[in-house]
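Some structures are shown below for you to check.
Both of the next two complexes hold chain A, though its partner changes from chain B to chain C.
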Partner chain A sequence: MTDTTPEDHPLEQLPGDLMMWVLIVSELLVFGAGLAAFLGVRITDPAGFASAQDHLHRAAAGINTLVLVTSGFFAALAVRASEHGRIARARLWLVAASLLGVVFLVIKAFEYLEKARQGIGIDTDTFFTFYYLMTGFHAAHVVAGIFILGLVGIRCTPRTVEVGAAFWHMVDLVWVLLFPAIYLLR
Partner chain B sequence: MKYESQKIALAYMGVALGLFLIQVVMGLVIGWIYVSPNFLSELLPFNIGRMLHTNALVVWLITGFFGAAYFLVPEEAEREIHSVKLAYLQLIIMVVGTLGAVITYTFNLFEGNILLGKEGREFLEQPLWVKAGIVVAALMFLYNVTMTVLKGRKTAITNILLLGLWGLALLFLFAFYNPSNLALDKQYWWYVVHLWVEGVWELIMASILAYLMLKLTGVDREVVEKWLYVIVAAALFSGILGTGHHYYWIGTPAYWQWIGSIFSSLEIIPFFAMMAFAFVMVWKGRRDHPNKAALLWSLGCATLAFFGAGVWGFLHTLHGVNYYTHGTQITAAHGHLAFFGAYVSLNLAIMSYAMPIMRGRDPYNQVLNMASFWLMAGGMTFMTFTLTFAGTVQTHMQRVLGDGFMDVQEQLWVFYVMRFGSGVAVVLGAALFIYALAMPRREVIAAGAPAE
Partner chain C sequence: MKLLSDPLMRAWVWLVGLSLGSTVIATSVARIEGLGITLAGAAILVLAWAKARIILSRYLGLAQAPFWHRGFSTVLAIYCAGLLGLYLIA
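Right after this comes the complex of A and B.
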């Protein structure tokens, strides 16, 4: 330990910023705990959870998965463009990624409206408490992510774009975990 | 001492220590009431004694924080405090308000009076005029310290400290909002109580601890700052929505049970990080600072805060567990070790560091100071264990078997006797600490006796 200079400390070799990784790990802990609790409670009432799940719009959520994964790909392209010094192109990819984020939110809003029309809310049963908490928290992170992508688009450097894209990939990753567990798992 | 105005802290710390003594003596009195319930029942009812115990605690801790800020801000900002007069005026307002509250509580004056009488909410019982005085004092403090920092050098330590102190003052404003709906009342009440001790106070704690580590271990500021930012991020991330663990049974919607359980479970992380930080800094540090007592209190603070606030907090934070343990002696066990570890020890650490410097001496009477640490920490740990066992028995008898509250209390008597004993150790430790700081003799280790 005595010979290491600050530069070759493992924390310094993280892409982006240490604080973003602290945030990402914290987020994954929260969503991971939420998912674990959801699956735990599900064991106590598999039939109830299955019938509640049938009220969900699986096709909409499937489309949303494609939308968000594609958006993540665009964010990755923005990182590559910024690394090659092509700032204008990086901004363009960031805008594309953000727009797909908006599409995700529109489809999500459609899902929520459809639930509301059926008279389903957060207090309907435990399944929907988890459904609204987890997808709601996730949607809030999509909003925050769009804001962050905009911010790094304005102050566009390879480092900031990398930090913003790291957050966006986390939002992506969480959805890819939520989607099968909440919508598909029988 | 580099700056003359740092001496303001001496007055603040003196007042804080006086209130500390009152607080622990009052703790001893109500601890005895648990053993012998009719003790002083006419003169000083239990609820009034408890009010003095908890209110004095909060006031002396905050007074200590203010003192710590007046001590470390000039050094960090590299300039004198903006207005020394204002700082002393602020202290006078705080002392008058505190005395007013104590007299009002003890003699139950002006009962029901909207301005002068005590208010009913737990911990926020202060009469309205005292609350207004607190706000005025806080504004004076914030103005004074913020002006100092704005004109001087800005460091991560002062930035985080100011963020914490501003948060403390702004959140206190919720003490003025008292909806008649009981569920709403409690909901906003926790904005003050929870968001203080599990939110902004943690920022104050982390920044003061960081300052102490910087001074005592000689580790690079850059390293200290990186830790500080990570700790603060973890504290706010978990602590803000962690408020949900108070919303399980007060009439708020059921989804709070999951939000509260998940986020408050993570509240252990910043406390673990603070403990890791303190020990890693000492291991890495090249400096062999002579003030061993301040170092002992700093490490003790980080360790006991991890156990008291972190581990004992997690013990009953999940709503499935809390359903049974809510409002039992488990809560009292957690409360005592958390406050002692996190905030009492922190104040005593910065006092152990600052007092000798302000009085222009080498660190003195360190052996006595360190003995007081072991006496207080030992007593408080013992108290935590007795209350935890009492709470476990109480939870089983009262919540599982369904026995009556008073029947159960009778069975807990032996634990209350042991708790009183540990309380005696804490009070003796507190007195010893004050003596060790206030009554300087020669250094304990003589610099070589002169030849006769």
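Right after this comes the complex of A and C.
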């Protein structure tokens, strides 16, 4: 006989829904592999990567980082509000988090437009192939996250808000690793 | 100060501070050369690791789940060390 209770079991400790964590881990593995491949290929041409990186708008990406971590903060506040039974307030925080997600996408769109005006595309060089694939895939997750936050805002319960916010935090987590590797490392 | 006693608010303040720190280091890289650039890059990756840890523990709530917190933190640390290794090899 052991004196452990069901609450002590690791799976019972995991916040939110197990399936959302399976999704989060699988997404992190995909982005993690992409980022490792990016830094691996960079070894073959560090000067070329640094030169290509000079075309990126670091300030815009820095602002987008602040936008996304603030959006994640709002999503976490939505979880807290829903746990306290404040559903209206939770919805407001979800709307605020989603709006910042839209701001992120608008800034990203300007960034892509600027590159297009410079004649830079996905096939310009290896750096930009990785740049477009990874930031584009991430932006697609931001779109999905906004949709999920909208859905949990409609069906607003502590459980749904926690699950939706967890996806949003995964998007946030991926960005804080992508941003420095792609935009900042020289 | 009362606001900073809230772990969520504190996490957000740290994330903003670390993000600004990364950008300031990257901007200052333009004025330095050689080993300084490499050290700056390593510092930027360490700050990224710190941000990821905060998101895992506070935003995703793993601080309340010690078993998972240890597991995710260990894997994240190994992964970030791998990224740092790839960066330093180049």
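Keep this in mind: the second predicted complex is superposed on the first by the 176 of 186 C-alpha atoms of A that agree within 3 Å, B and C clash if a C-alpha of one lies under 4 Å from a C-alpha of the other, contacts with A are read in each partner's own complex, and residues count from 1 in each chain.
The working rule: a residue touches a chain if its C-beta (ideal position, glycine included) is under 8 Å from a C-beta of that chain, and two chains touch if they have at least 3 such contacts.
Owing to the predicted nature of the structure, the values given are computational and were not obtained by experimental measurement.
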Looking at the overlay on chain A, is there a clash between chain B and chain C, or do the two fit? fit
Should A:Val143 be classified as contacting the first partner (chain B), the second (chain C), both, or neither? neither
With both structures fitted on chain A, tell me whether chain B or chain C touches more of chain A's residues. C
With the two complexes superposed on chain A, say which partner A:Leu185 touches: chain B (first), chain C (second), both, or neither. second
Considering only the touch criterion stated at the top, classify A:Thr70 as touching first (chain B), second (chain C), both, or neither. second
For A:Ala109, using the defined touch cut-off, is the partner it touches chain B, chain C, both, or neither? Pick first, second, both or neither. neither
Draw lines from the C-alpha centre of chain A to the C-alpha centres of chain B and chain C: what angle do they form, to the nearest 10°? 120
Touching partner for A:Gly34 - first (chain B), second (chain C), both, neither: first
Shortest C-alpha to C-alpha distance from chain B to chain C once the two structures are superposed, in angstrom? 16
Taking the contacts chain A makes with chain B in one complex and with chain C in the other, which residues are shared? none
Which part of chain A faces chain C closely enough to touch in the complex? 10, 13-16, 24, 32, 35-36, 39-40, 42-43, 46, 58-59, 62, 65-66, 69-70, 72-73, 75-77, 79-80, 165-166, 169-170, 172-173, 176-177, 179-181, 183-186
Chain A-facing residues of chain C, complex: 8-9, 11-12, 15-16, 19-20, 22-23, 25-27, 29, 37, 40-41, 44-45, 47-48, 51-52, 55-56, 58-62, 64-68, 79, 82-83, 86-87, 89-90
Contact footprint of chain B on chain A as seen in their complex: 6, 18-19, 22-23, 26, 29-30, 33-34, 37, 122-123, 129-130, 132-133
The residues of chain B that touch chain A in their complex are 222, 226, 229-230, 233-234, 237-238, 253-255, 258-259, 261-263, 265-266, 269
